[in-house]
Structure formats: structure tokens, C-alpha cells
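Below, chain A partners chain B and then partners chain C, in two separate complexes.
Now for the complex of A and B:
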């Protein structure tokens, strides 16, 4: 809570454009990583195609703003349109693929995201391929500070919205599916339906973050569909803490900040240009030894000290995930 | 007619390369039910290490041997340190092998730089034969021969040696094999190393074929190999070679007639196969 207020006040005290942009980026990726965690951490589905929803959102906004007068109404409409597209696509994709086993699902989503990438590369009249295109944003967003605040507010809304979602009976069933799919099924739950719901929610929110990403860059190219975007979400979620909502936010902050500083260090030594290698290693170690990430591990430590007492029910739910 | 034959040969050569990559993947999956997302990384490592040795010593054979050696070594490391700790947990396996893939391909760029490296075939494999109007590029013929030889070797190993018998039995029921007093973990390790060596060999062979190698080639070809494994059926070598040939030839014809769709078509085939026959077109197990 204190951090949240601090983040609201922060830009008014400390005026630095590049930090403002960096933090905006963190908020956007935090939204994206949280949506990914709905799949990975709360339902136990490994998707390698999450970038496609990100890309759909990004292109929806970009194409709309490119061809029409940029107004706030249009931006809202375009974002909603992107979310709507993503909802439909994630529904169709989920319906087709979620009945497969985990590795087939991972491969199929990888291939589907690849298809979207190829489509975006080839449909040059609309997307201008890998070169991408720039576009105008509404007057209101010309001030970076406004955009920063919008992203922050949206992140907070998404955070509390998803928290509510996870604590609802529906969210509980998702957790049950993650822990033991057979048992959930034998209790009479239609596992496939719940998985599809999870993927629709995740897809819609991913699309929102993609739209914001395009707005923040005022530029879009096919890189929004690449595997790297999915990898980012994966790293942030795993390192921050799978199965918690604050984890992905923390992960997004860590990775974006580290990325920023390490690329800055590239002038000192060229090895810092390959900052991803460091994260790859941390990621592997995290999967092996800290499957719950930073947040999960810290919570475990804290709860051990408190000896199971005074742990509110909400924390319990999150910890179990 | 010439065009048709040329495209077919081209497709066959690509198919053989993908087969070498997919063969390891399919055996590992069939036996250990591990989907190795790092396979493309092993492939790229074989390619870079082999090419480096080839350019250094000017001997193509040395390059191939080097590639196979690095494949075996990396296969050992991967199995021991990456796969074994998370054995039995599918989600963790998928996540961890993907992480290892990142490390491998970034490490590659650290050692050999992020730029492309140009490679040409050795003198005795450059040029082409002319039969009537048909031009057969020597290097492509060489790849097809090597691919068929490797297929023959794997087939022989699987069907006519004791270790092959164990592997085949392991694909069908590994608990039973284990209960008969066979150390299945060691067999896993051998199969993994063999698969990695084949991936590395394929990476080395593709270098002069494609003309250049680059750091992100691992993921590109790994996707093709996944497609082949899915179409061919997990754990089935004959299915793999058929599917690889199919993917190679479709890719080569599509690249000529409708280049926009060449990758998309293969992915569509995979999606359709997964939806209607998830066990693969040529599956052993039902």
C-alpha cells in the first residue's frame, strides 16, 4: 500500500523522463505477467503463445490510431476491440487445444503464436511487416506523466480485479485443477470449461497490456508477436513468484530495472549486452530450487516464523497456489 | 519436370536434416516423456562448434567429429544437471528446458559473437552432377545419403541390438523394464546423449547447406522438429523420417510456389494432426 502511494507521488517529486518511461514499462509488463500467471500459477497451464494476445492488442490500437484521428474515445474503443478480439481468439484456441496434455499444449501454442508472427510479417499492407510504423497518440498522452498515471491505475485495477477473481469460487476451482486435475474432475467439475475461462481472462488482460505497450512506444512492429515477449512474461512470473499476484509485478520490476542497468553497463564490458544469460541461469535455479519464486519463498520463511498463526485466509489461498 | 525433381531433392535434403534433429527428440520423448525444448540449443551448438573447427582446421571431417563430440558432452550435462533434478514433473521440465535453451543460445553469442558466419561446403562436395537436364547439387545428395545412413543405423540399433531392445521396451512400459533389473536411468542418459549428438550433427550439416549460421537458428529448426515429432508420433523413428520428408518436401514446394505460406502450412498440418490424432499419424501407442 505504501509502495503504491509512493509510486503515485513519485513522478511529482522526482522529474526524470527516462525513469518515468522505465516505470511505465514496468507497469505494462506487470499487467502482462499477471495475466500469464493466471495460466501458469493459478491453473497450471504452460502456454508458449501468450505473445499473440499481446500482439493483437498492440496492433489493434496501432492500426486504429494510424487510420483515424487520435482521440481518447478512439483509444478506449481500440483497446476494447483488441480485448474483444483476444477474448474470441483465446476462446477458440482454448476450445481446440486445452484438452491436450501439457507438452502438446505448450507446442501448439508455440506454433500458433508463430502463425500470428508469420501472418503479421506477411500482411504488409496493414502491418508494414518488420519495419513497423509510427502513429499519433491523443493529446492527453503527449505528457508522459499522464500516461504513467494511467498505466499505474490500470495496473492497480488489474491487480485487485484478478485478486477478486482468484478468491471467487471460480478461482478456487482453478487452484483445485492446478493441484490435482483428476480430483477436480472426479468432484464433478468440467475441467475444460474452467481452463477455457482462465485462458480467456488471461488473453483479454494480455491484450490490454499489449495495447498499452504500443501506446507507450507510439510505434509497433512484428516484434510484439515474437517468442521474446512470452519469454519475458515467463521470466518475470517465475522469478517473481508463481501463483501469487504480487510476484509477477515484482518480477516485472526486477527484470525491467536489471535490463535497463545491465544494458547501460554494456559500455563497460560487452558481456553485459548478453544480460539474458544471467536471467536464464537465475530462472533455471529458480525452477529447480525456488519453484515459488521470490514472493513464495519469502512467504514461506515468514509463515514458518509465525508458526501458522496470524496468517489471514487470503494469504493462505495465495500461498497454496 | 526438372523443376519438380529439383524441388523434391531439395525437400528431401531439408527433410533429412530435420529428421536428424527430430530423431533424438522423439526417442527422448518416447522413452522419458521429456519434451526437450533445449534441443534447438544443442543443434545450434553443434553447428557453431563444428563450423569453428572446420574453418580452423579446414577439414570438414574434423568439423563433423567436433560437432558430434560437443553434442555428446552437452547432452550429458543437460541430462545430468537439467533434466534429472526435475524428473517426473512435466510443467517443470518444460519450463526448465526452455530456460536452458535461453542460456545455450545466449552463451553461443557470448563465445562466437552475435553476427552471422558464412560457411561453404568443402571442395569435394561443391558443384553438381548433370544427368540429362537435371542438376543435382552434390552437397544435397551428400545430406540425403547421410540422413538415410543415420536412419539405417538407428533402425539397426533399435531392432537388432540389446540396448535397442531395452529402449523399445522402455518406450512401451518403462516401469516393467525397470522391474526387470535394468538401470533405466542410465539408458535415459545414453539415449539423451545420442539424441544430442544427432542434433549437433544435423546442425553441422545444415551450415554449408544454408550458407550462413546465426544465433537464433536453434529455435527456428526446433519448431520444425517439434512439428515432425508431432506428425510422426512420439517415440517412433520410422514415423519421424516419413514426417520429416513430408515437412521438408512441402516446405520446399511451398517456398517455391507460395513463399508466404511455407511455414504456416507446416504449422497448420501440426495443428490439424494434434486436434484430430494427437498421438501422431504413425504412432506406436494408441
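Now for the complex of A and C:
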């Protein structure tokens, strides 16, 4: 909570454009990573095609703004349209693919995301291919501060919305499916329906983050459909903590900040120009030693401490007795 | 009496191996029926057919006169068939209470509610606690299922099964792999269910004394075929059963050595 308020106040105290933009990016990717965690952390679905929805959201907004007068109404409309598209596509895709078991599903999502990438490359009249295109954003967003606040608010809304979602009876079933699919089925839950619901929710929110991403750059090209985007989400979720909502937010912050500072360090030593290498090492170490991510590891430590205290108090009781 | 479950010439073939062939039987309402037979006789396969995990290659299954041969696991659960598994099958990373609460929630047909907090359904939790009590698992509700002892996991499974409030219970060796001290507890749970008298129970078990004591009727499966059926007394005296059972055990020994 304190951090949240601090983030609201932050831009008014500290006026640095590049930091503002960096934080906006963090919020956007936090939304995206949270949506990915709904699949990975709460339902146990490994998808490599999540960039698909990100890209749909990005292109929906960009194309609409390119061809029409940029107004706030249009932006909201375009974002909603992107979300709607994503809902439909995730439903159809889910219906077709979610019957498959884990890695087969992962491969198929990879292929589908590839399909969207190729389509975006080839449909040059609409997307201008890999070169991409710039577009105008409404007056309101010309001020970076406004955009920063909008993204922050949306992130908070998504956070609490998803929190409610996973704590609903339906969310509990998703967790059960992650834990033991077969058992969930024999309790009378139609597993496929729940997986589709999860992927629809995740798809819609991913599209929202994609739209914001395009708005923040005022430019779009086919990179929004690439595997890198999905991998970023995967990385953020895993480093932050799978199966928690705050984890992806933290992960997004860490990765974006690290990205920013490591590239900044390039002047100091040439190795920082290859910051991806360092990142890979950190990633491997994280997966090996903190498989639960930051949040998961901290939680474990806390619960261990509590247990120890429990034991020591009970020992005291025994001694006194 | 009404037959709650009926099968007609039920059979399944894996490749050339006929695991279950031409099994026709019926279970009456509130009856306690046990299935015995040597290892590999097809008992668990028969259960898989009844609960829908496997689709029969031959024959039909009726629940309360309604054809359910083609129904899925989910549909059958909703119709009132509940089964326990021979291999312990719970949600390992959820708490004991949550395990049972999910079963209660399913029973209450609350399946797609996504907007309210799950805690606002206090009744579910109370009910779940009640079932934990029935299954002799008081004071364990906040333990993760993975941290339970084996015997407790089996009890948890019983609690989940009961929470579904099925009319027909399929119990697949509820005491399998349990230490001897734990067996009486499970027996007590089963007896409790039986005494309530509103459940039909189908039980697979190896412990003969337990079966003789509890069952109204017994079926003997051998090599996928229904060998005999009758009251415990009749089965005890049946020479065919004795030779088959001993013969089966003998086979098992030779195959192991």
C-alpha cells in the first residue's frame, strides 16, 4: 500500500522524464506478467504464445489511431476492441488447443504466435511489416505524467481485480486444477471449461497491456508479436514468484530496472553491452536456487521463522509444565 | 428393490488382452457389495469402467435405469457416482480443508462464480469441517495434504468422497498400503457410512475378514470374468471360488519369483 501511494506521489516530487517512462514501462509489463501468471501460476498452463494477445492489443490501438483522429474516446474504444478480439481469439484457440497435454499445448501456442507474427509481417498494407509505423496519441497523453498515472491506476485495478478473481470459488478450482487435474475432474469439475476461462481472462488483460505498450511508444512494429515478449513475461513471473500476483509486478520492476541500468553501464565496461549474457546467468541461478521466485522464497522464510517460534514456545510450555 | 447400478455384458479389451469380459451384475439401493479376486482379475479396471475413466469396448452400464455407458467422468460424478482411488489421489499442495471444501463446492454446484470471495461461502467451510470430522480428521484442516501421513491421506480421500454426497460409492482398496494401526480407523469410517444406511457401496478389498464382516453380498472376479456372486456365507462355501482364488494366488507367487 505504502509503495502504491509512494508511486502516485513520486512523479510530482521527482521530475525526470526518463524515469517516468521507465516506470510506465514497468507498470505495463507488470500487467502483462500478471496475466501470464494467471495461466502459469494459477492454472498450471504453460503457454508460449502469450505475445499473440499483447500484439493484438498493440495493433488494434495503433491501427485505429493511425486512421482516425486521435481522441480519448477512440483510444478507449480501440483498447476495448483489442480486448474483445483477444477474448474471442483466446476462446477459439483455447477450445482447440487446451485439450492437449502440457508440452503439446506449449508447442501449439508457439506455432500460433508464430502464425500471428508472420501475418503481421505480410499484411503490409495494414501493419507496414517489420518497419512499423508511428501514430498520433490524443492530447491528454502528450503529458507523460498523465500516461504514467493512467498506467499505474490500471495496474492497481488489474491487480485487485485478479486478486478477487483467484480468490473466488472459480479461482480456487483453478488452483485445484493446477495441483491435480485428474482429481479435479473426478470431483465433477469440467477441467477444459476452467482452462478456457483462465486463458480468456489472461488473453484479455494481455491485450490491455499491449495497447498501453503501443501508446507509450507511439509506434508499433511486428516485434510485439515476437517470442521475446512472451519470454519477458515468463522471466518476470518466474523471478518475481510464480503463483502470486505481487510476484510478477516485482519481477517486471526488477527486469526493467536491470535492463535500464545494465545498458547504462555499457560506458563503464564493454561487458555491460552484452547485458543479456549477465541476465542469462542471473536467470539460471534464480531458477536453480529460488525456484519459487522472490515472493515465494520470502514467504517460505517467513513461514519457517513462524514455525520455529511455534516450536520454541511449545518447548517453553513443556519446560514450564 | 430397485437396482441402482446395472451392467450388461460389460467388457473391455486392451489389444488382445480381455481385461474384463461379459460382466453382468446389478447393485441394489443401499446395498453393500464387495468385489474380490486375485491380482490382475480386473477389479480396478471394472471400477474404471463404472466411474468413466475407461470406456468399455462392449456392453452397457445403467445408473438408476438410465444409460450412462458413454458419459464422461464429470457427468457421472454429477449423477452421483463417487469413487476413491487405489493410489492416493488428493490435491497435494492445498490444505486439507481446501481439499474437502472443493468437493463441497462441487456438490453445491457452484462452479463458475468468479466475483465473490470464496470465504463468503461460510457454509462450505462448515460442511467441509463436518466431513473431516466424519472421516476422523479433526484438527488437521490447516495442514497441507502433502504433509499428511499415508493413512491420513486415505482418510482425507474418504472425506472428499463423502463431501460429494454420492449415492453410489466406489471404494478401491481403501486400506491399501496402510499400516496395520491405521486400518481400524478407516474401517470405522466405512462402518459409519454403512450404518447411516443411505449409501450404496461397492468395495474392492483384499482383507477377507473385513469383507465378510461388512458385505451384504460378494462378487468374485477371476481373469476378467464374474466367477460367482452371493452372500458372504455362500462365497465362503463355494469350492470354485476357493480353487480360483488359491490358484490365482499361486500364479501370483510364481510370477513374482
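What we mean here is this: the second predicted complex is superposed on the first by the 306 of 321 C-alpha atoms of A that agree within 3 Å, B and C clash if a C-alpha of one lies under 4 Å from a C-alpha of the other, contacts with A are read in each partner's own complex, and residues count from 1 in each chain.
Just so it is clear, a contact is a pair of C-beta atoms (placed from the backbone, for glycine too) under 8 Å apart; a residue touches a chain by one contact, two chains touch by 3 or more.
Keep in mind it's a predicted model, so treat the numbers as computed, not measured.
Colleague: Clash or fit: chain B against chain C, after overlaying the two structures on chain A?
Modeller: With chain A as the common anchor, chain B and chain C both fit in the superposed model.
Colleague: Examine A:238 and indicate which partner it touches, taking first as chain B and second as chain C; both and neither are also allowed.
Modeller: first
Colleague: For A:280, is the partner it touches chain B (first), chain C (second), both, or none of the two (neither)?
Modeller: first
Colleague: Name the contact category of A:179: first (chain B only), second (chain C only), both, or neither.
Modeller: So A:179 only meets chain C here.
Colleague: For the overlaid complexes, name the partner, chain B or chain C, with more touching residues on chain A.
Modeller: Between chain B and chain C, the winner on chain A residue contacts is B.
Colleague: According to the stated criteria, A:169 is in contact with first (chain B), second (chain C), both, or neither; which is it?
Modeller: second
Colleague: After superposition on the shared chain, which partner residues are touched by A:189: those of chain B (first), chain C (second), both, or neither?
Modeller: After superposition on chain A, A:189 lies in contact with chain C alone.
Colleague: What's the minimum Cα gap, in whole angstrom, linking chain B and chain C in the superposed view?
Modeller: 11
Colleague: List the residues on chain A that touch chain B in their complex, please.
Modeller: Within the complex, chain A touches chain B at residues 44, 46, 48, 96-97, 100-104, 106-108, 110-112, 114-115, 118-119, 122, 227, 231, 234, 238, 271, 274, 276-277, 279-281, 283-284, 287-288, 291.
Colleague: Which of the residues in chain B end up touching chain A in this complex?
Modeller: Residues 29, 35, 37, 82, 85-86, 90-92, 94-96, 98-100, 102-103, 106-107, 109-110, 219, 223, 226-227, 230, 260, 263-264, 267-268, 270-271, 274-275, 278.
Colleague: Show which residues of chain A lie in contact with chain C when the two form their complex.
Modeller: The touching residues are 164-165, 167-173, 175-176, 179-180, 182-190, 193, 197.
Colleague: For chain C, which residues are in contact with chain A within the complex?
Modeller: Those in contact with chain A are residues 51, 73-74, 77-78, 83, 89-94, 98, 101-103, 105-107, 110-119, 121, 160, 164.
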